[in-house]
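You will see chain A twice below: alongside chain B first, and alongside chain C after that.
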Partner chain A sequence: MKLNLPKLLLGLTCLLIAIWLVAPTLVVIPMSFAGQKSLAFPPKGFSLQWYENFFTNPQWFGSLIVSAKVACMVAVVATVVGTMAAIGIERMKGRAGGLIRAVLITPMIVPGVVLAVGIYAVYLDTQLVGTWIGYVLAHTLLAIPFVVIAVGANLAVFDARLEIAAASLGASRLSTFFSVTLPLILPGILSGALFAFVTSFDEVIVSLFITSPQLKTLPVQIFSSMTRDADPTVAAVGSLIFLGTSVIIGLGLIFGMKGRRT
Partner chain B sequence: MTLNTASKGAAIDIRGVSKTYGSFTALDDVSLRVEPGEFMSFLGPSGSGKTTTLNLIAGFTDLSAGEIRLDDRSIGNVPAHKRNIGVVFQHYALFPHMSVAQNVAYPLKQRGVAKTERARAVDQALQKVQLEHFSHRFPSELSGGQQQRVALARAMVFTPSLLLMDEPLGALDKKLREVLQLEIRRIHRELGSTFVYVTHDQEEALVLSDRIAVFNKGRIEQVGSGHQLYTRPETLFVGQFIGESSVLRGNHLTNGSDTALTVAGTTLIAPGQAQGDGAHVILLRPENLTVQPTGTGARDGATNIINGTVREMLYLGAAMKYEVTLADGSHVIARTPTQDEPFAIGSAVELAWNPKDGTLLADDGSTAGHEG
Partner chain C sequence: MPNTSAQHAARGPLYLTLPALAVLLLVMAVPLGVIVLRSFSEPELGLANYVWFFQTKVNLTVLLRTFSISFWVTVCCVLAAYPYAFAMSVAGPRLRLALIMCVLVPFWVSGVVRTLAWVILLQDSGVINRTLLSLGFDKVRLIRTQLGVTIGMTQVLLPFMIMPLYAVMRSIDLRLLQAARSLGAHPVKTFFQIYLPLSLPGVFAGATIVFILALGFYITPLLLGGPQSTMLSTLIQQQVLSLLNWGRGGAMGVVLLVATFGILAIASPFMKRKYQMSGGSR
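Up next is the complex of A and B:
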């Protein structure tokens, strides 16, 4: 076999980029098994104490529960609101639809700090700082653009003529939506929901502003832990989240392929 | 097989219907009655208003003016899903996430039909279109012809008294189209429902329909059986759109009950009187023309004779087709039985026909603009 130099160079470049992309994530894993209370690489010694600390310390585990609850509520609210908005925009066509779409997507473009300051100012007046509603509202605002984009992309390839056919077969508008439109744009809705969940789950800037000692999300807890005592529990949390997301994405890929085959 | 004949066809009454989109008039004051159980085709070029009319009947678009009555009930304010009209689309419009059986069961489910009754009706409908073994397949696993059969089964499973079809065979190849045309005819006979069939293919309209409404520029030019439209067209557009034809243009002079037309220096007689002072033409069907050697003269009542030159000669098996160029440069197509010694290209000939076989029509400026 002849050695192909351009191909070899291409492979090498790709490998380097791949390492560059995943290395920061992978560094966290050995750090989480450190024997000493110092966040250093390479770690010294071996222990599971940081995992134990994460699951037993109410500060840590409590914040995980808060984050999970908030992210679930955000996923539901943002998906419902975003899906309805995407459908409305698609039906409007014309300039008004484009304008509304642009407005809905601005939270993605506006710098997080700017949004955070604005939200904080309003929350101080309305006493929403450190409340469940406060978190859900703020995170939903940030998550809606992802849902609008994901569902919108799916609607763009959805054959709206099927709705006319459904009407001719006796289905009302509502019945048509649940029996024809919804099943066919479900992939977009699900990926929108996933994006919404993730957006809320790892949102840190706005959360830092509206947090309270009683109600803290996981990213806020990680941030304050890092700035206070650089405890390797952070690495344990990072490793767990990495594992969790890998499993979810892996399952998604497997089921996605199966769905396409049938 | 005729379990569904109980559903009698509906009558459609279209009265002074118009449809405008901004400043564009898609349909201009159209009136038409379709009789119960009739197979009516809407024939016309694209943009002539035939699909617009269909969409108005189905309730997919709103009327701008006029009234549509279904069995003497005005349906202008009835939403599409309450009209109980079956529709078959050119693009099939099958639900991709449902199996064949689920697609066909859909209209029954919407009507709250019980499960066992639903299964029975679905089986029966699929049998009618010969797809009873495909009920568990998905639309993406079927060919175009099979998909359209499923769409047909789905549109008739709830025994609507009216079935609308919008160029249902437009996306299929010619051979499959002919097979499905025969199936649609058979299904129409078995159901007894009224069928309205939109097509731009005049051959398809002739094969299928009891009557044809010819659409042009948002208006109906003529309504009649295929035979009426072919032998007695009322406008030049209809005459040229249905079947093959040649048009002779010239100055006309009314003379008693006939009209004389001077074409390329030759006086030709056509039956009937000219309407108004506008230009008139004689429309000729290829099979009514005789091609004969120059100087043969009138025989068997074929007293209209005009000279020309053979421009093209086609051998079609049982018949021959000549294209003859006249002195004024116009072309005439003649179809004759196969001759042992056909006229060669470039030879001088006479075209002869019986005056009553020509049709005198006002010149509306239309030219043969359809395929086939």
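Up next is the complex of A and C:
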């Protein structure tokens, strides 16, 4: 009994912390089926009108399309640029690699609003406010650290002798890369691309500054709806994002396990 | 020919990093440079904006509050993350997966939506207050207070504390504790003399990350807080977007930047040394 009491306390503490972590995420789901336009919890009545509003209101659905397009472009650009950088860093000798890696990770640390104000200033002068290029450039900056970290972690366990072996057997640099290096670091690249997509899809601070009424991303739309009135459509969006992520992660877990078994 | 190819091989890695560095230069270095420049040059050349910042009482109050909220959020994160990360490091594989999932679930919905959930929970007629009332307690004002901001920010930042802490705790050899116990040490003493010092690098790494991120928080204090819980980021946004005062907003931004990187510079050599130690024992 003397041994079990600390264990019980630890378990109880962790349960409470787990609830604290998860519960706020789940509160959104019942809210999305609310019968009336209010954010009181628990919601009264039942309706699907907020989901209907999301899919039929061009303000909402349009911003989803914008966000999805921007995030896809960012995933491609940041993954290519970030993977190249990670490979370069891994091959560098001496301190230069570590230094460049540290520099490339700084966008994660710079306070969001300071960066946003600076980008806004530059975009005003270059007419990039509210443009596709503007969003993609800014989000790519924020996504590069995640790609560099993900691909770098994969390269760290990659056996460079395999490349030398391929080269010594007569493979060109390019074919060595595509047939030996790329397949082996593909998991890192894919998770980097996923992180880049999510970073862009979720980014709100910089987007709030460089947004325009014509070209608005989903987080900006959510934010402005929240500051304007109590619209449960926000809860419907949150639930849909939760559902989407759960499906992707669930599929990833299933395929990951299958891949390991075979 | 072999000479040029060798040169190419030596420069190759640098060329590979150039596109990423170009993005950083264009979208981060230049914008931050513009901010620094404007803080010294608008409306006229000099230190006027900084003098104004450090002589205005509201600014100093907000600066101090930003630090104090970040401090309390960090303390709360350490206190909550320590037992949780410990449980993760000693749990069986299934329980560990469940615990990791609970840490990751908050990332599955967008950050703004998560803040909405806190608005719902913390509002005056919200679940927490009604539970308190039904238990016979008094209502607590949570929304638009520092307490509410702290609760929301701690939940958002907790994963950044748990993960580095878990990484360090996993590498601690639990046989050291058994050895101490078998030599007759009291469990409490074993914890304070052996386990806690070994886990400190994780606490330090996590606390640094949480504190730095908390300093720059914008969305959560804006939506959960009120005038009495404004943080520095909100003030910067007001100066630039509402008052169109780029000089003063820029000076505030520079203060926040210097604070962030100053703390990082102080903490990072410390962290590295400690990390190598924990790496060595693995």
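Following the convention adopted for this analysis, the second predicted complex is superposed on the first by the 253 of 262 C-alpha atoms of A that agree within 3 Å, B and C clash if a C-alpha of one lies under 4 Å from a C-alpha of the other, contacts with A are read in each partner's own complex, and residues count from 1 in each chain.
Just so we're on the same page, a residue touches a chain if its C-beta (ideal position, glycine included) is under 8 Å from a C-beta of that chain, and two chains touch if they have at least 3 such contacts.
Given the structure is predicted, the values throughout are model-derived calculations rather than measurements.
Looking at the superposed arrangement, the partner reaching more residues of chain A, out of chain B and chain C, is C.
Within the superposed three-chain model, A:Ser172 lies in touch with chain B and out of touch with chain C [touch as defined at top].
Interface residues of chain B facing chain A in the complex, by the touch rule stated above, are 58-60, 79-82, 84-87, 89, 91, 93, 95-97, 106-107, 110-111, 154-155, 158.
The touching residues of chain A, when paired with chain C in their complex, are 10-11, 13-14, 17-18, 20-25, 27-28, 31, 39-42, 80-82, 84-85, 87-92, 96-97, 100, 103-104, 106-107, 109-115, 117-122, 137-138, 140-141, 144, 148, 201-202, 204-205, 209, 218-219, 222-223, 226-227, 234-235, 237-238, 241-242, 245-246, 249. Taken in their complex, chain A has these residues touching chain B: 159, 161-162, 164-173, 175-176, 179-180, 183-184.
Contact residues of chain C toward chain A in the complex are 12-17, 19-21, 23-24, 26-28, 30-35, 38, 80, 83-84, 86-87, 99, 102-103, 105-106, 108-121, 123, 125-127, 155, 158-159, 212, 215-216, 218-219, 223, 233-234, 236-237, 240-241, 246, 249-250, 253, 256-257, 260-261, 264.
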